[in-house]
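Letters A, B and C name the chains as they come in the text, with residue numbers starting at 1 for each one.
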């Protein structure tokens, strides 16, 4: 709202000042009559002002442009308008630029020359204009849903899940061993506490690891009968893990885990690792 | 892309607004063009379109019915066909290509314990009959388990046993050996090695009563508690 | 209609129909058949489909990329065309027939001038940071503008720039290309001329110029808090 007022006032003040000048100039000034969008900042204003020069943006007179801008801001200020900081910053900078362009270069002065600064401003204006033209071209293209269309009745693609099963040699051996021992052993619960020591785990792993040429979940090394009871399983898992670390330390195995809570896998170190 | 004949709206309007003009001035587009129009309409429509509606949408003088005959012919044998649904027309993918509307995702799962054990028995004892497998496992072998292994091509039927009933036997396949990195079934570690490896370490002292512990692995609960000596000793 | 070669069970069919046997068993279907398949897949989808996905869905040994070349040619000048969008392909009605489709037209939200310009800058300068967009437009980019473009899925975050603060960049999406009928960002209108004129260069200002509002790029690139409201809200 405040912005719109500002615009309107700017236009009015500008239009008033143009009263006494020629029709051609008035026409040019009308380029400044802003549409509802208003100016989008100092650069936008500069670009609009530059159009009154009716030349290629590359050949624009930055000096003239700076003068126009400063006049504009001056008029706005005369109306005791609270001009946005951006516009004032730009005004100050353009005033500085103007002085640099007008005065002979001071060799003791540091920084870029007035010409360099002016060239860059011209470049910025040209670039902004180019982007606006490009945007217009883009929006004028044939567009999906307006000029060309996609299939009206898409067919759903059914997701078919195919499950393949796999097993490792270790699974096979353990499965067989389980069968061959089953009839003969008693549940551990009867003659053992629910504690599986690391020494036991280590001894067991040492015997088994020779067969772990492929990555194998350490849980598959749990002793028979320790997999189901949560207490025993915990103890056996911890011991087996500790034993795996020990074996890794000895350089006999590699351990890996793809992410937090993912299965921990081991495989023996063998010829391919040497 | 847009170098086709431009049929932008003003023309249409003109035709619509001036129905009594000289015919030559607003001649209907050539039939090939009408065919293109029908094609685009059918493609983009969310539901089948009647000839009447097509004619309404197309420039004055068009004959959608005729254009459709050409269009339908053009799509004969293609991956898409022009079909009539009641009074209306639509385009559909060719029925024989329905299988393309599926996206397959492959998921790898661990073989069930029952399947692993069955497989192990076949590997260690081949050729082995179903009855023998059941005897070793102590539970009946479900048909699903055997079928699964057959389907995976890890086992196949061997020759029949020369015993009463001439039962079929199962043996492992080259694919099985390949998967497990074995050059022959004899490469499977023997019981002695299994024991040395600690897999059979938990032998209780002889004479204790076996408790069977197999409650967790029966797939169909048919316990054959045979208590018989094992058939296949090393 | 369904007198086409049935491809739903290639193996079975091949065995049944072809005494040439083994070899043909897993051979890829003829290219004409592959073309039909690509046609059906593209036809059935509103979204562009990547060559990779087509190959995944088609029988083993198919070469969708090759089949698509044939298919595209076949649809040249038709009411529907086969278009390439980035790495993917789609079927779209010919743009000159848009007038037939008033019924299907979807009202797109009107974009503000700021949004249109921001979109163009991202398209032509991508990957581009927020600071660079602001430098070009001379005003700060409002969060709403970027959010709107992100929500429309016309832009997305690109990788961070290897400059101090590692600001995020914006790039356009395949949806953007699809919407504007572009095969790749290289096809943007006037891109070559703009590049030749040096207008797509990131030319650093000599000394300090207050045009870019020198708003420091925030770590996540989304928040600019330079304490300055936009001067002229659209």
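Just so it is clear, a residue touches a chain if its C-beta (ideal position, glycine included) is under 8 Å from a C-beta of that chain, and two chains touch if they have at least 3 such contacts.
Given the structure is predicted, the values throughout are model-derived calculations rather than measurements.
S.K.: Quick check on this structure: which chain has its C-alpha centroid closest to the centroid of all protein C-alpha atoms?
M.R.: C
S.K.: Please identify which chain has its centre, taken as the mean of its CA atoms, farthest from the centre of subunit B.
M.R.: Between subunit B and the rest, the longest centre separation is with A.
S.K.: Determine the centre-to-centre distance between subunit A and subunit B, using the mean Cα coordinates as centres, and give it in whole Å.
M.R.: Whole-Å distance between the two chain centres: 38.
S.K.: Can you give the whole-Å distance between the Cα centres of subunit A and subunit C?
M.R.: So the centre of subunit A lies 18 Å away from the centre of subunit C.
S.K.: CA centre of subunit B versus CA centre of subunit C: separation in Å?
M.R.: The mean C-alpha positions of subunit B and subunit C differ by 31 Å.
S.K.: Please output the residue numbers of subunit B that touch at least 2 other chains, ranges allowed.
M.R.: As it turns out, subunit B has residues touching two or more other chains at 1-2, 40, 43-46, 93, 101-104.
S.K.: Can you list every residue of subunit A that touches 2 or more other chains, as numbers and ranges?
M.R.: Where subunit A meets two or more other chains at a single residue, that happens at 142, 149-152, 155, 157.
S.K.: Subunit C touches which residues of subunit B in the complex?
M.R.: Residues of subunit B touching subunit C: 1-2, 4-9, 12, 35-41, 43-46, 57-58, 76-81, 83, 91, 93-104.
S.K.: Where on subunit A is subunit B touching in the complex?
M.R.: Going by the criterion above, the answer is residues 142, 149-153, 155-169, 171-188, 191, 203-204, 206-208, 210-211, 213, 223-225, 228.
S.K.: If you look only at subunit A, which of its residues touch subunit C in the complex?
M.R.: For subunit A paired with subunit C, touching residues are 3, 7, 37-44, 84-87, 89-90, 93, 111-112, 116-117, 120-121, 123-124, 126-128, 130-135, 137-139, 141-152, 154-155, 157.
S.K.: Name, in rising order, each residue of subunit C that touches subunit A in their complex.
M.R.: Interface residues on subunit C, with respect to subunit A: 43-47, 57, 90-95, 97-98, 101, 104-106, 108, 111-114, 116-117, 119-121, 123-124, 136-139, 178-182, 188-190, 194, 197, 199, 203, 205-207, 209-211, 213, 228, 231-234.
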